[in-house]
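A, B, C, D, E and F are the chain letters, set down in written order, and residue numbers restart from 1 in every chain.
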Amino acid sequence: MNYSIAIYGGPYGHQASHSAYHFAQAVLAKGHHIQRVFFYHDGVYNASALVSPPQDEVNLPQQWQQLANTHQFELTVCIAAAVRRGVLDANEARRYQKPAANLAEGYQLSGLGQLIDASLESDRLISFGP
Amino acid sequence: MMLHTVNKSGFSSKLLEECLRTVQADDAILLIEDGVYNALKTARTFTDQQAQCTWYVLMEDAKARGLQAEHCHPEIQWVDYSGFVELTEQHASICSWF
Amino acid sequence: MSDLETSQQDNQILVIFRKAPAGSAWAREALDLALVGAAFGQKVSLLFMGDGVFQLLEQQNPKLIGQKGTQAMMQALPMYEIDNLYVEGHSLVERGLDLEQLAVNCQVLNADEMPKLLQQHQQVFNF
Amino acid sequence: MMLHTVNKSGFSSKLLEECLRTVQADDAILLIEDGVYNALKTARTFTDQQAQCTWYVLMEDAKARGLQAEHCHPEIQWVDYSGFVELTEQHASICSWF
Amino acid sequence: MSDLETSQQDNQILVIFRKAPAGSAWAREALDLALVGAAFGQKVSLLFMGDGVFQLLEQQNPKLIGQKGTQAMMQALPMYEIDNLYVEGHSLVERGLDLEQLAVNCQVLNADEMPKLLQQHQQVFNF
Amino acid sequence: MNYSIAIYGGPYGHQASHSAYHFAQAVLAKGHHIQRVFFYHDGVYNASALVSPPQDEVNLPQQWQQLANTHQFELTVCIAAAVRRGVLDANEARRYQKPAANLAEGYQLSGLGQLIDASLESDRLISFGP
């Protein structure tokens, strides 16, 4: 089956994104396909390239990147929720005249429509909130 | 047939009570994250509603928190992440309560 | 409840509002999702329950705390053809709210109707 | 003498109940943010504990949410942000419940 | 309760743990604050109440969900001279927990003692 | 009197930082002094220079900057909580080999001891949480 996952909680403050990651691994282990992981609300903080946990803690933004790269699924970040919270790609950094971009590699900013699309195109959409 | 995930403790939040008002008999409830505390025998919400639908608790989250099966309602089934995925295979619609 | 019985095929997305309106961004971001869903041609229904029913109160003045509020977006719902607005009766009674105190027309659902509403939508977004 | 601020609705959270278990008679409770819903007459926590200490509700937060004085417990005093500061002047210790 | 009565002068900081341990970063960050307070030479007390009492449960295994947990930090408390650990009896009873299920020795406080504990600390950090 | 304020909630997701800002204005209007505003837990997200709200919404990181500049108080961000969540100054960006820094002007990363210090040195410390 074809899964999409929505994440509404940040990478450190709440367990939501960790649960989603464990769930994604279990989905793939069962031979299912993941279409898209969509980050919304405070979940957009997961897409920051600047997250720097201590060495003995997981780097969740990086782990998502690796999983997405290996299994070829999309990491899509709601652009409106992201710019409000300070997660910008190079384009948005230019648009808002900000000194830097911080969207991690492998993530893309896109519209909320991609979450609706995931709900239509995937066999299952599951959400993890804070 | 719907799968409901619930991630908050009923000792501090009324989330599970809200969830239960939307559940029907062939639905399933999976307790995850801090929601696993609702599996304790002392959590009254389960007892009030036990016949209504099938209940599960996510093993990894329960064990991470030190919950012991003997302190939990025996009617609640323990599943691991693999079982979590199976529940999502069996239920076309998933409603996440957080 | 003839609405609920007959419209099973058409209802695609249900957005549940359970959080109080001003304390967090949930109400705004849930409403954003509902509008985008409608713009994508989906039939979207809204359900207010729990503290989400406070979002329906009239005479809100979020400017007092520097917020825009959701009132303007709520008024725009008909333009997006979002006409199915539901509110859980239990949540209203618990909070002592009358329908006259609400700024928006909603259909009140009783205990039996709540599970039905969820089942008849293909996708539930629960905020 | 302590000032307690409470920022969650008692209709969905048990925060205020926890706060009340730590309050003594000369303390003050100020309801802020979503805590203002606890000022409604239908919020039962106030009635249970009303004699225990002095209660306030933050006007800006209450009005922002459309709360009308007539629907609130009349014993709860309305203060604006300026009055909030005065409460912190009068109480050497502030305990924030969130 | 002779502890509570006599130590009024010395007690400077009370950190209250009210949130369940693994679902959020609160437990860890509250404990960080307690340790830093002690390192700054302050007399720090800890109070566990509400779902915070679950932090005291033995046999926690947070590695199962990719977390470090707070067990090691809790064991380090004596090194920081944080010896005053309190737990609200009401919260234990409500959750059906016995003292034997707790991994850490705490003094159980009854209803009368709770307000006293807060009053006798100059600063309360409430998480 | 001398006040310090602790903020534990992010700039957009929760009202906490907004309430703190209104409170700070009221404190100053009464002739009191503010010593320090300390950002901890998800409150550290307030210190991001990249936050880009729509033009008709408040830019809280900027408003704190202006208030702090006018009234000469410190905006201190817990360094441990910040680096975990991806809020870095130039030093930390170098240390963790990250491509950019995003700490807003007027804010400084420092230890959690500054919150303990505020509780000792200020007449009042008040916290705003999510």
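Operating definition for what follows: contacts are C-beta pairs under 8 Å (C-beta built on N, C-alpha and C of every residue); 3 or more make two chains touch, one makes a residue touch a chain.
As the structure is a prediction and not an experimental result, all values here were calculated from the model.
Chains that count as touching both chain D and chain E, per the definition above, are B, F.
Two copies of one chain, chain A and chain F, touch each other, and the residues they use overlap strongly: the shared fraction of interface numbers exceeds half. If you average the Cα atoms of chain C and of chain E, the two centres end up 40 Å apart. The geometric centre of chain A is 26 Å away from that of chain F, both derived from CA atoms. Distance between chain B and chain E, defined via averaged C-alpha coordinates, is recorded as 28 Å. In whole angstrom, the spacing between the mean C-alpha positions of chain B and chain D is 33.
Chain contacts: chain C has residues 18, 22-23, 25, 50, 65, 67, 122-123, 126 touching two or more partner chains.
Residue positions of chain F touching 2 or more other chains, listed in rising order: 12-13, 15, 19, 22, 41, 57, 125, 127, 129-130. Within chain D, contacts with two or more other chains are made by residues 7, 11-12, 14, 18, 33-34, 60-61, 94, 96, 98. Under the touch rule stated earlier, the contacting chain pairs are A-B, A-C, A-E, A-F, B-C, B-D, B-E, C-D, C-F, D-E, D-F, E-F. Taken in their complex, chain A has these residues touching chain B: 1, 3, 8, 15-16, 19, 22-23, 25-27, 29-30, 32, 124-130.
Chain F contributes residues 10-13, 41-42, 45, 48-54, 57, 61, 83-88, 92-93, 96, 98-102 to its touches with chain A in the complex. Considering their complex, residues 40-41, 80-81, 111-113, 115-117, 119-120, 125, 127, 129 of chain A touch chain C. Touching chain E in their complex are the following residues of chain D: 2, 14, 18, 21-24, 27, 93-98. Of all residues in chain D, those touching chain C in their complex are 7-9, 11-12, 33-34, 37, 40-42, 60-61, 63-68, 71.
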